[in-house]
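Okay, so subunit A shows up in both of these, paired with subunit B first and subunit C after.
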Partner chain A sequence: MLMQFLASGFMLGSVYGLVALGFAAIYKATRVFNFAQGMLMATGAYLAVTGSVVLGLPLVGTIAFVVVAAGTLGVVIQWLLIRPLAGRPLLAMVMITIALSIILRALIVIIFGGGAQTLRLGLPEGSFVLGSVRISAIHATAAGVSWLCMALFMVFFRFSKAGLLMRATADSHEAAVLSGVNVNRINATAWALGTILAAIGGVFLGQLQVASVELENIGLLALPAVVIGGLQSIPGAIIGGLLVGLIEQLSSGYISPKARDIFVYVPLLIILLVRPWGLFGERELGRV
Partner chain B sequence: MSGVASAEAVLEVQGVFAAYAAKATALSDVSLTIPAGGMVALLGSNGAGKTTLIKAISGLLPLHHGTLVSGSVRIAGTNITGLRADRIVRLGLGQVPEGRLVFKHLTVEENLQVGAAVVPRAVGRERIAAVYDLFPRLAERRRQQAGLMSGGEQQMLALGRALASAPRILLIDELSLGLAPIIVKAIYAQLRAVRAAFGTAMLVVEQNAKLALEICDTAYVLERGVIVMSGSAAEVAASDRIRESYLGSSGGAL
Partner chain C sequence: MPTIRHASRWKALLLSGAVLCLAFNASARAANFESPQDGVYADHIDWGMTADMSGPSSGAQNPWGQGFQDAVKVVNEKGGVGGRKINVLVEDTRYDATAERVAYEKFVSQTPALGTSGMGNSSAQTAMVPLIKRSKLPVVGTYTTAKAAVEPPTPYFYGGFCGFKEMAQTGVGFFTDHLALKQPTVALVHLDVASGKEYAGYMEAAVTARGGTFKAIPIKVVAADATPQVLDILAMKPDFVAIHGVTTTSILVMKAMLQYGINAPAFAISYLGTPTVYDGLGPDAGKNYYFVSCFSPASSDLKVSVALSAAADKFGHSALKDDVNYVAGYVIGNMVADAIGKAGAEPTREKLSAMLNTGYVANTGGLSSELKYTPTDHFGLTALKPLSFDYATKSFKSYGEYADFGKYLQ
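And now, the complex of A and B:
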């Protein structure tokens, strides 16, 4: 059983890692703690519903639709809500993202109704056996695509010019401005990427379960994931996501599905108490 | 100063008033002109408004809750008053800020690449190579994280990053802070070489007035937000006021 729990924990954790990575990208570049990340993930599932059911697009078309729509949504959010509040206290920013998630939820319920929607994208179904573990094809696809997206993001962040400017902006806003970086454009890019990563996670979770606004609760697991991994650390977010997936599967497998939240949020509290910069984050040495 | 036609001025500040939320008047009717390729010293005691003037020129005042109340700033004839700071950089203004703001988590090379990001790739590469020639110490440490370098090395990096953007005009705020005097002299000598090679004009804020007056062609003296004196470096150095308050001598030879 242990191997089975570890395998499914790893695969779910990969999707959480993806959503957490989106959260960390937004936080790192814009210093906004985005409580709407869970709802953005749920929105991704509904974008997939829109693409495949409403517009009748094939799989590739639906994926393209989700990516473009989520990216646009991220830019709009940054432009409309985040940018005007630049430099305001943290509380205002946090309230904005909470309000945003409530508004998104209401919009989804108005458009799609409150009930859950089944999402069938035509991804490979069935399952296969690997050693002593049975793996569902959808879980495997979800994990594989998540790792691909995470790898693409890391390559972008490390090696592209836009990624360099994003890291520079995260490092020092003022130094970036006086080096000629258009910080607004960088922040919009970070929001677009963060939203796209959340939405892709939402597509898979909608596929593994159903598309529902309640997916938000799963998406919000990105928060403990990034806090455990370290808010400032991009790899930390991925590892935090994996840990949350493993903890979830082990605790619900051995104890009870209800135990998940305790085993995820208790480590969160411990980390905040003894190592607030997370497992992989860097201790912040006084802010300028 | 009046001899400089405004058409050939690379930087022209006219009648600038600036204020902070917590300070009603930080600059009062400040005007200053830098001819193409000119090297101009800006002197003044602590709190005189030198850094404020630099931020007023570079568009960074809003980031510090300050405003340019009135007046105008032009780069090579283009009015840049009120433009966003990053656009001003793209128009050819480079800056070495007070307190060496480098990107601490990026490597030396990446810091320079961010500086060069505003110019075409080939120009950037050429400029970064020139920076490495100028500061071999940066070349040796190109893969090192900037935050782990010594204060003086970070200061060189801040200067290198500004030079990598191939600026028409460079604003330098207290380069000597934290640097050994001998290094400061060497860097200023190199800045003169940069000017000779690329025609870069410079506005130099410097606590070491003696040194600044040696290397610059002209000088302005700012006191409590007002320009109280300007002229050729030799004229300013010879004035009693400067000799007493900045050069630490009451009548002795420079």
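And now, the complex of A and C:
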């Protein structure tokens, strides 16, 4: 049973890691703590419903539609809401993302109605046995795609010119501006990537159950994941997501479903008290 | 003789004239009757409706609200009740007890209504029992019925949905007989909330009454996976499974059961017998999924659902007519119109409640089991029947008539 819980936790945690990675990408580049990340994930599920059900696109077409639409949405959010508030206090940014989440929820309810929408993308279903562990094909696909997306992001972040500029902007906003880096474009790219990653997570969670605005609550598990892993750390976000997935499965399986909240949020409190920069983040030192 | 006959004719004419005048006066007075403090006006009646239209339970309560409003629209198109149109005042309470109380108080005095329907939050109902008794605004046809509101009956409170105790007894009774079991082994996956624990209590009582073995397995409302719950089911090897929760609960549990090769049938509470759940499950997982309900989806009996289908089609809700929540709202909307009519030509809150309390049976046209209120029973609906979905014909299938399953109720 332990192996089964570990396998399930790993696969679920991979999706959390993907959403958390999007959160970290936005925070690292723009220093915005994005409380709308959960709703962006739910939006991804509804974009997939739009692509597959409303537009009747095949699987590949639906995925392309989700990626393009989510990326555009991220750029629009940065351009309309985040960019005008550059330099404002943190509270204003936080309130903007909370308001964004509420607006997105209301828009989804207006467009799709309050009910859940069925999402059937034709992804592999059924299950297979690996050793003593039974694995669902859709969970395995979700985990595989999540790891592929995370790997692509890491390659982009580490080896591409845009990734280099993003890291430079994250290290020092002022220095990047002085060096002639188009910081607004970098920030827009970060928002586009963060939204795309959240949306892909939403597509899989919508396929595992249904597309519903309540997916936001699952998406918000990305917050403890990134805080535990380290707000500034890309690998930390992924590992944080995996930890949340594993903790969820083990605590639900061995104690009670409600124990999940204790075992996820107590480590978060400890981390914030003892090591606020997270397990894999770097301590920020200010020169006086 | 001719003179006497002539005089009698005059008397008869005078008497008829007087009777006609009285009748005309009475009808004119009734038509002009107004009681603004009760939401009753010469040309319309204000009626409240609260539902979660954008909160966590909106997926189920939105169709209920649409069914309710569609039924009232049809009544209004036919001239209303006693010449008065019913004006539905809708409040979105977002499954929030405080919002429910604020809306109720608004209907009591701020925008007075003759009565209100919906109130789909059992915690709010439980907390508001003293307020309802004090304010005397009838709550007629609720989306869920809290035990505290009907045991003992609360004056001015009348339920309008299938009860958890009856769901448990009908489901356990049907599957025990259907599978020819002597002592059933039953697993229940339920939300770790008040109604889930209440349902677990009823399920345990129903299973142990048959000498069976029972296990309650909690799950969170916001669950992303049901592996821990299904591994528990796997270890228990139940004859059948019961499900209490929301749409995602059914989908996660049934899909995980399929993944782990558990072929046991499962029955869910009434709220989860919707096309969305069956669409989400697909035929492989959906073939083992049943639900018990006191309302009949349109496709389960095309003869009795003609008017409902016509209303759903007319108002753009064709996709909802197979949703038991929409059917429930439609039945309650019609019941409210009928009850207002039976409250007399000069309806008030007091007259409406008195009429319901002295014994009322609604004509639901076969769309539900018998809906009746008595001085000692304000619950409304008691009988249920099991249903499932036939993916080949894309229609719901019932396993008998409501009366066939009354034997399971205690």
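As a working rule, the second predicted complex is superposed on the first by the 286 of 288 C-alpha atoms of A that agree within 3 Å, B and C clash if a C-alpha of one lies under 4 Å from a C-alpha of the other, contacts with A are read in each partner's own complex, and residues count from 1 in each chain.
Following the convention adopted for this analysis, contacts are C-beta pairs under 8 Å (C-beta built on N, C-alpha and C of every residue); 3 or more make two chains touch, one makes a residue touch a chain.
Computed from a predicted model, the values in this text were never measured in an experiment.
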| item | value |
| --- | --- |
| Side-by-side fit of subunit B and subunit C on subunit A, or clash | fit |
| Touched partner set for A:Ala168, first subunit B, second subunit C, both or neither | first |
| Which superposed partner A:Ser132 touches (first subunit B, second subunit C, both, neither) | neither |
| Touching partner for A:Gln249 - first (subunit B), second (subunit C), both, neither | second |
| Contacts of A:Ala176 with subunit B and subunit C, given as first, second, both or neither | first |
| Touching partner for A:Ala106 - first (subunit B), second (subunit C), both, neither | second |
| Shortest span in Å between Cα atoms of subunit B and of subunit C, once chain A is used as the common reference | 37 |
| Doubly contacted residues of subunit A, that is, touched by subunit B and again by subunit C | none |
| Subunit C contact footprint on subunit A (complex, rising order) | 1, 4-5, 8, 12, 15, 105-106, 109, 113-118, 120, 125-127, 134, 136, 139, 205, 208-210, 212, 214, 217-218, 221, 248-249, 252-253, 256-258, 260 |
| Touching residues on subunit A, where the partner in the complex is subunit B | 161, 164-165, 167-168, 170-172, 174-183 |
| Contact footprint of subunit A on subunit B as seen in their complex | 58, 60, 63, 84-86, 89-90, 95, 97, 101-106, 110, 113-115, 117-118, 161, 165 |
| Residue numbers on subunit C that touch subunit A, as the complex places them | 53-54, 56, 58-63, 192, 218-220, 222-225, 227-229, 231, 246-248, 251-252, 255-256, 258-261, 276, 279-280, 282, 284 |
